[in-house]
Amino acid sequence: MIDKRVKTVEDAVAGVRDGATVLVAGFGIVGVADHLLEALHDQGAKELTIVANNSGNGDYGLARLINSGRVRKVICSYPRSGDYSAFLNAYKAKSLELELVPQGTISERMRCAAAGLGGFFSPVSAHTKLADGKETREIDGRLHVFEKPLRGDVALLKANKADRWGNLTYLKSARNFNPVMAMAAELSIVEVDEIVELGSLDPEAVATPGVFVDRVVAVGANA
Amino acid sequence: MTSPAYTRLSRDQMAWRAAQDLPDGCFVNLGIGIPTLAASYVPGDREVIFHSENGVIGLGPKPKPGEEDPNITDAGKNLSTLITGGCYVHHADAFLMIRGRHLDVSLLGAFEVSETGDLANWTTEDPAFPPGVGGAMDLAVGAREIRVLMAHTHKSGSPRILKRCSLPLTAPGVVKRIYTDLAVIDVTPKGLVVLEMIPGMTLELLQTMTEPKLHLADSWQALAPPQAKAA
Amino acid sequence: MIDKRVKTVEDAVAGVRDGATVLVAGFGIVGVADHLLEALHDQGAKELTIVANNSGNGDYGLARLINSGRVRKVICSYPRSGDYSAFLNAYKAKSLELELVPQGTISERMRCAAAGLGGFFSPVSAHTKLADGKETREIDGRLHVFEKPLRGDVALLKANKADRWGNLTYLKSARNFNPVMAMAAELSIVEVDEIVELGSLDPEAVATPGVFVDRVVAVGANA
Amino acid sequence: MTSPAYTRLSRDQMAWRAAQDLPDGCFVNLGIGIPTLAASYVPGDREVIFHSENGVIGLGPKPKPGEEDPNITDAGKNLSTLITGGCYVHHADAFLMIRGRHLDVSLLGAFEVSETGDLANWTTEDPAFPPGVGGAMDLAVGAREIRVLMAHTHKSGSPRILKRCSLPLTAPGVVKRIYTDLAVIDVTPKGLVVLEMIPGMTLELLQTMTEPKLHLADSWQALAPPQAKAA
């Protein structure tokens, strides 16, 4: 029987190794797996590379991991969102490396990895500093930049509902990076508001098929 | 020193002006800042679909008090709503729409624009702050038409419309129209063409606040948005 | 007001030009816009390049276009499906060119065009005849083939429900190529079983947002 | 000429044997032909999710009479069903799953397999017919494990397991296990290892029907599927 449900957030993040690349879903504070990020803090993994759109807020979740010195590098499009003091302090102290990637290129590089492709040419960032050192090619009269797949060892995801197969639905714009990160990680871990019976999700409206998901833990009021 | 014989447009007036150029049925992304305000000023007889990079297709106005939902925000992370007919997509699809020329218009803020339409809006290279690019480069190369909304000059009075941008580029040669607090200017193969100026402004005076040469359109008009905010 | 509804299939296919590249959705006989294909036959466009998974059935729809000599080239993965005599006759008569492309490469090349990318490297077809003449590159020790975006002038699509914005839902596996073809064509035309009120489709379950769609025509029992 | 002292497996028996190697919880694509039959023989205590290239995730058995739905077919275009927990995706996502190593196993038919696991299953180069590749090349390079189901020899008796494939390749070096109507054979770095043979078969006899050298596993077993079809 396929059963991806785990009982606790501790079980959910078990086995994440030092040095792992962790895909952290969310846009601002929406659709972020804060419970899993807290659990990862308690689990103790360090030297992490974080892939996220932003760089954490306040002193919880991703920001807390940064404040505790667990993060070696952040790959993101926009670190300056909300109270990003944790990131800013580490950035100024040069204890953390920043790889700045355009938002669409981050999501496309993860999809590229998920899709088993070796890279793609994108017009985004051509003729800019963010293309420095990257291969370029003129295609149909337009300069393109070669972008490589971006894969995670782990993805920490937030969804609304899951069933025991790991099929997921989201709420509104909390969907954001979650589906593409679910596809792009070796180990995809999801915190959900609610776990429902297999068969109760509409087969036409499953946003992430369970085949991309490894562990599901309920953290909502219905958990 | 006498006060100038003109009054610069407010941010809302600039946004109002840009909104008037959004045709019925178009699909538009609004950048953070002044562009976001444009959503309120689309003429009521037009249906415009606003795209938000976080996967909201059909972004609506701010929620009414008591109807806030933490699961829906705009690109600036402000609480928002979905209009009737809107839907949600994931990030890779939201940026497929941007990069794949599915957006009719992208209204963006900018630090600088060059006379050939180069756009600089992602970093001021302030060493005290980490850079952030967000979706700016995706929008700049992806939307069918890029229009910029920005103050005509820096607070110091120095021009932001330049022969060449001094700041790192977001993308070269992409800006087609510039809405400032003084004028509406098109970037054309023949150079910058002033379409509209605010009352009291002259081409000579505007030129002193603009680095590259300006050409006045034969059919130029007064730029006079209403004072009041949209209802 | 945005209103993509058109009254007749004739209106729906109006303006398709000779020489157009037409994306024809469907897998076997499922999810195929047969009404639009018939209308395109009556409309008269010729010298068409068809992109489809299969090559038509019997003497209707795509097969009828082929039998009438309107098709110059077929780009597909598997022409031998169902009664493909129309294709076979034209193929043997050399009146029609076949470009055989692996099924996943066809769909990915269309998505690549839809996503505004310049091409991608895929491990599929490396070291095979189907990679003959294509650029290759070794990436992470594995040979990859460079694949170019595949764009349509027109897409002929079949959906279940649409609203006046062109938002679409599908039924079961009739979804197949429809969403990716909707994104990859300059002019996306859809026949649907039913047109519904704006707002009646679940925003979490719209499979093709209306921004990818240009014309919608109802052909079902509820039309 | 005496009749052989063994009875070749039926197609259903071959499919039965392959199905026994599908572990609980695995995600599997079944190629057209004999592989499709394997779905019926998965042991009842295992949950296996079958992937169909046309976007059916959780393909079920044939519909019961009266419950046919023309909108759901398998890869061979036969009417099918969705199992509880299954869902639908579009073609690009269905092949993202294939190419991106999300499938645990792909069971494929083949014309020929080489001793290094080269697979030839997409064209016989018959000039009377146009070639068709379908999803064969995607599956061959994308699934985590490729296993082949095919008759051990051509009808003429000539081998289909060869030192080098004579037909155009689908992909080189991908096949890990071969289920035939005579044996189960693993493709290993040391060559072909026979794991199971049908009753009455000997390694010597099997070798006469196989071009590359065969090695018999120390722990080899009898290959004796049940005669009857699955319930």
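Just so it is clear, A, B, C and D label the chains in written order, and each chain counts residues from 1 on its own.
As a working rule, contacts are C-beta pairs under 8 Å (C-beta built on N, C-alpha and C of every residue); 3 or more make two chains touch, one makes a residue touch a chain.
Because the structure is predicted, anything quoted here is derived from the model rather than measured.
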Longest centre-to-centre distance from chain A, chain (CA-based): D
Of A-D and C-D, whichever chain pair has more C-beta contact pairs: C-D
Rounded Å distance, chain B centre to chain D centre (Cα mean): 57
Where chain A and chain D are represented by their mean Cα positions, the distance between them in whole Å: 36
Chain C and chain D: spacing of chain centres that average the CA atoms, whole Å: 30
Touching two or more other chains - residue numbers and ranges from chain B: 82, 88-89, 95, 98-99, 141-142
Two or more partner chains touched - positions in chain C: 108, 111, 115-117, 122-123, 170-172, 203-204, 207
Chains grouped in pairs wherever the two touch, ordered by label: A-B, A-C, A-D, B-C, C-D
Residue ranges of chain D in contact with chain C within the complex: 52-56, 69-73, 77, 82, 88-92, 94-96, 98-99, 129-138, 141-142, 168-172
Contact set on chain C toward chain B in their complex: 1-2, 111, 113-117, 163-165, 167, 183, 198-199, 201, 203-204, 206, 209-212
Chain C-facing residues of chain A, complex: 108, 112, 115-123, 137, 139-140, 142, 144, 169-170, 172, 202-205, 207
Residue ranges of chain B touching chain C (in the complex, touch as defined): 24-25, 27, 47, 49, 51, 57, 82, 84-89, 95-102, 141-142
Touching residues (chain side chain A, partner chain B) in the complex: 27-31, 53, 77-82, 87-88, 91, 98, 100-105, 107-108, 110-111, 122-130, 170-180, 207
